[in-house]
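The same chain A turns up in both complexes below, where it pairs with chain B and then with chain C.
On to the complex of A and B.
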């Protein structure tokens, strides 16, 4: 809407200025990526085997996004869109060419270590400095493609973007995905899709076919009244179609797939067939489905049946979660345990910060209390005092953390806002200093910590449960239980009181809410959850070290709540996966991952300040906007309807109901 | 026996005496208004009753029980609820949730019961839900339970504040300028609602109001404050003709000014007598910034963490400023 009107109102010169600015931005980004060393470092890492390396992906991706953004100023003018994209792409590419012109001449290496021949090699696709024009031409072509993307109808744009993104995601995680696939009955498919590093060309074609199928199927489905069914069948048939072709080819002419042109051809052919079939069939299914009026039938079901149906997608997910450590290996399990521990802490802080609005930057203190309590009670080292099993020690850890939370909450009850953050910062430091101090060294072991914490299950080595995987299941169960408790609390009288305190402490008090009790409960429960996290952590590493207790933990927990969405339980889970899980999975990118981590945080906070999965009130606003979209899906009742029904509020359709007659004087 | 009684209640902010030796009394079932120029100490008096401020001298008793010094939540438990001059809803919660927070201390589920969702908790939540819905209907917000409170229309926000205060099941309701910023139609609606609160629910209502039509229309008694002191008390008819009240509102200006202003007052009075329709355009909302001359000590508005608390002090400041300019 706004884009169209801006095209009309903005003078031509100004629009070109914008395009130039975007091009300059692209140039800056490309130079940055090159000089920081991302491009040459990841040249060796294949995204699509023997076709596209990760380093190139960065450059090409930049060009494409820049081209797309530049075309924004010429919506509805196809030729101009392509031209704008090409020009912005050209600027991006020219910057790289310029770099190669200047770099060798003035010995740029003394400033930028990465401005080396290997970088120039990558930028000219290995052809050397005689081929300076390559980035420019590449920029024009890719930028024009990016601009051209903007001409396509919106759903197709989306599906292509989704396809390209899944290409990147699959390429990045190829190692992780390949291993379990090869071990499964679908090994042949695994070999077809994944090379030893990155996707095969054929795998890339399948991915794109799937995405395109989704777009076309969705578009056709929408005409028949159900975009969702069209998309589903489109994805499925697009991928299945090309997979079938691929499998056939692998059977009939195994050598053909080794040659890239045949592989690509096979994938594309399969894709075309799949997309065509997906579109048509998706449309047909959509028509059939919409004629069934499933939403009516769904609404007519009794409420337990409805929630059962809603929960069905969770079953395969649950299965996946259960087999995860066996499929992806112990290292992956360890990452997930870490995520689960952060989920525990996140859910804890979500009560103090997300619901009650009490910013606590010393949250790691309670984590430490939990970890040390378990270690003290279970350790077989001289520091152990009780020889409890982990299971008996956990309630103590949670209880002690609970008391610490209430105890530490007392002195800061009257402090608000920013001041509270600073005051709580002190706790974390006090606990950390105490844990390394000589004062408590006879009990807590000082810098060496407490070691020899036994595992919860005593299994012989070699047993599948011997490694981190047993902690994995324990952590998952703990996270599940705590998430359940957090859900219940949020929707209770106490939860409302917390939110009320966050919104306006004085008014909450004037409504009869006891601030002292309510705040202390928030501190104490938050601390108890973190204490459980600490207990799991102690079991995971079999020890507690003071080095595990640092400010960064507190900040990470606060950040994951904000990224996930303040006050939202699913948000905490998503936040932990994104902020804690992803960096662990990207270990191969060394320190560069923090570069992207930081950039991603900035982008997220700029464009989605409410977080990834915001709490209900914010979500409701978003849904109001979605419902305005004309292509509302008729299958499944809208969120508004569901909520109205849940609340039993049938009159909500009339926005301005008549006041009772008595009211008019 | 009087429901609410203040005896020589005094509240000082540094050198400023915001409420000075105020004697006040109201009976159950009455609608009583507190009026006065800006900075007269009306909201401060409310804050003292509600427990936001602790009075420096004197006593305030509610239903025979002294309440000065009690924290706001205890006072709320005794049965005093309030609304705010600048609307203070829980803006990011829904309309329903706002009212449910009001019901908080009439519910008893502990956090453990909430986690276990015991049958008692479920019953309680269901009853609270019903009660909240009933209250929303009562104030005319039927069907808006899912709306985000901060996004309601202005008049609806005022109504929601009333509903939330009612959820507390009060015996005494303190309304701080309930019609501020409303158009004539909304004002009429709100006036009717206030009357229903008393007639249908049997509440006693203490009201701060600038809109003279509202004040004169529904109050049984009026107390006039100026510079923290009570300068008049009586029925609307008595107050309207009280010389000190007119002076407080219009200032001890020059004779010429006074003549002009007297005309204005008479126009206002005429309007109050019932031909409201004719005079609807020229609202009787007397120019509030024209506080009379007289040394006002500088206000130390250091209560920065609470905008509302500092409101009165701010107003006093503003009055001071106007005076200097003039």
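On to the complex of A and C.
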């Protein structure tokens, strides 16, 4: 808010300069999106069936955000806001027009692959190069809309933004949601909302109505003392209202919904009714609920009852997790198995990195050890050395990985911080190279790897447990066990010793902690869990190929912990879902997966360095640091830390700030 | 149950293990080298060729390593995206080379070839600099006071982002560099197998690194950079613009990496969006070998790594009858890294920095 209030006092010319800068930024982003190929490639994917494709969504979204950002400099001046938005949008659109003017003239295609006719086709809505003005006009309109958004009251702004975002999300996941919906008793609703690809226009209207309902209901609810209840009823009634209208229309005049304009009209009409009702009813409910003083009653309950109530939402969640492989089909099952394996390994690295603060970028080495051990012990191919079942081989895999962890950990225990990261990265690479090399080929099969690893459960094809789903359950159980171990370890003597080492090695040593044993145990335990991950992975693939062993695995595991929130078990799960699951779901856009992955890492570190679901102490730590960020402050300035300590808040829980590297003792 | 006793035993076991490790490495090196040398499979000309290959590659590593080491020196962060900055330079050089080739300048005569290569180096340096400065502005500067892992992850993100941006721009295919015919000719020293391209890479690298060294040590900006890497707040109090010094550091490192990209591409004649990854890691290894934060150390580390990669596998492993020894060159490189980190963590020339931070 301080940034906004200070802008009002700025002179006019300066504010326009800011608007121009924002417009230039928009132009750069639009050009980037076009040239990197996101716009033409994603054009193949419908967001709202036959109305809006994903490629266009990116361009329009950019224009809208740019318009909104530009309007920031004219708060409280509606006309100027719209104008600023329009100008910034115009600049964004003009960049695309310019691209279409220049691109064909200088044969831009010989450098940028995507500067092709298909791109120009998308940018002119399929009308060809004679319609160069289309992006400019689009920019003005959408930018003005974005600027106009800024005029509306804050809750409405938020709900519209949320509505647009959920529109994008629903459009993206439509395939996933449609399938189970069509199989359920609500098939007719499913058909109404989702087209074979993307949302229907009607579905989009329902989504927006819901979001708008949330905004209005929340605003009204807030006046009666409970914003949350107002929003909930608002969402529900907004969506139900438009759904009911839609269903009625589908019954009365089935052909009407086939016409997009009628469909949209129906949705909007239903939305308006729903939003109105949602607002009023939400207010009423909010009033009633707040008069009940639920929170006080909750506090008055005996402790077991309270934890039981808190745990209630977990039951349907657990159920959902258990039926996941069957609900969404085989492809999806494959994805969640991978997520489960990464959760497994994430929990392992969480001990090494999250608790003991040792950044291990060579985690894949132990993953490889586990996978190869299982493959060697179980494979029916010539490389197999014993015909064990998977279950007997797993303890060996974990044990060997543990020993490898201890073995590799010994020489590098004295290394600290970034140096440790790079040394472990070196280990990972060494193992990877050895696994493909001709040197070990007689034993590990070289580039062909070891195939014919039997599944843990030998079930006939067609059984529900055939395919990836059995691995999914095994991975889940393993992850549960590791989570339990990690949870119990954290507050144990050894867990506290790890945290102490993470905070300050020298102090920890002075307090009588045996650095070598403690660090070695953290390292080897993490390695053992990675070995378990490798064992499960070998069973999933039914083989071990050296191509599965690459630096990306290590980086993924480290990144998912940090993205999820260091040292927090739910964080690991969220991190794995976000970093492994989401990119896997969008395999159709394979080329761009890591582009978004990289961008997401940068954005997260910028705006939420503590991770998505941080443990409480990490969050507190990072917010303490945020408060002392004057420009040019000395690095590692710890005014706030000192203050915090003076206030008795001695839990200096900074997993990140290792002391600088020193010579080995 | 006697903790003291237990600790003593672990301590001893670890010491024994480390000695075992040292002796093992030394044994492999000595026995392997002796076996290889006495087998007489390689004549001196081959050794010279390997040495020259190693020196050429090492010069490229050294140039990239400078960027890592300078950024680490000033910000204490591993600029994971530096390999991609290098790759960007190689791409910049490629498109310049194609344009020059189309204009008929690349192979017109030796002088015009040389000028073309200089132009390629300049364009590549410019492209890399722009990208590095942008990355610094977007991905690193906002995180400057954040805990150490945060910029590292952001840098990993930037690395992915750049790789796949280039993939999006130029596709996943491998571009083969236009031939500069004179570079492939033999220099013509009798018995020695040395091509002009190697001479070019070594000379260019040496010239640029000397210039950089002089710039960092002698110029006012260089002094500012060194002051900031000693102590940011004191430097700021002395009237040094810290931000500018940091951006300059990134720009200098990137310019070197961009030029190195062209040299590398001239050597290996191809470039794709993944080109930067392996040399990036190797160059970082070089920087650590030389003592990170230390400019001459990075140069030395790069040359050392190049040599050990070229000669090491043949020298140490052929004697044991290991098949396809060249697959193992990275194993040697990374083992070197671990050895240096374990037994001399400050690197070859890293005394100053290690003491300063102790």
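Structure notes:
Rule of thumb we're sticking to: the second predicted complex is superposed on the first by the 592 of 665 C-alpha atoms of A that agree within 3 Å, B and C clash if a C-alpha of one lies under 4 Å from a C-alpha of the other, contacts with A are read in each partner's own complex, and residues count from 1 in each chain.
By our rule, contacts are C-beta pairs under 8 Å (C-beta built on N, C-alpha and C of every residue); 3 or more make two chains touch, one makes a residue touch a chain.
Computed from a predicted structure; not experimentally measured.
When the two complexes are overlaid on their common chain A, residue A:488 makes contact with chain B while staying clear of chain C. The wider contact with chain A, measured as residues touched, comes from C rather than the other of chain B and chain C. In the superposition on chain A, A:427 makes contact with chain C only, not with chain B.
When the two complexes are overlaid on their common chain A, residue A:165 makes contact with neither chain B nor chain C. Touch criterion met: A:525 reaches chain B, while chain C stays clear of it. Looking at the shared chain after the overlay, A:301 reaches neither chain B nor chain C. Within the superposed three-chain model, A:514 lies in touch with chain B and with chain C [touch as defined at top].
Look at A:314: by the touch rule set out above, it reaches neither chain B nor chain C. On chain A, the surface patch touched by chain B in one complex and by chain C in the other comprises residues 417, 514, 654-655, 657, 660, 662-664. In the complex of the two chains, the chain A residues touching chain C come out as 32, 35-38, 111-114, 359, 410-415, 417-419, 421-423, 425-427, 429-430, 433-434, 436-439, 441, 514, 516-517, 555, 558-559, 562-563, 566, 591-595, 597-602, 604-606, 609, 622, 625, 629, 632-635, 637, 654-658, 660-664.
Those residues of chain C lying in contact with chain A across their complex are 3, 7, 10-11, 14, 17-18, 21, 72, 76-78, 95, 138-139, 142-154, 156-165, 167-172, 232-233, 236, 242, 281, 284-285, 288, 322-324, 327-328, 330-331, 334-335, 337-338, 341-342, 345-346, 354, 357-358.
Across the interface of their complex, chain B is touched by residues 416-417, 485, 488-489, 492-497, 499-500, 503-504, 506-515, 521, 525, 617-618, 620-621, 640, 643-644, 647, 649, 651-655, 657, 659-660, 662-665 of chain A.
For chain B in complex with chain A, the residues that touch the partner chain are 50-52, 71-73, 75-77, 81-82, 84, 88, 90-94, 96-97, 100-102, 104-105, 107, 109-111, 114-117, 121, 124-125, 128, 133, 137, 140, 142-146, 148, 151, 164, 167-168, 188-189, 191-193, 196, 305-306, 308-309.
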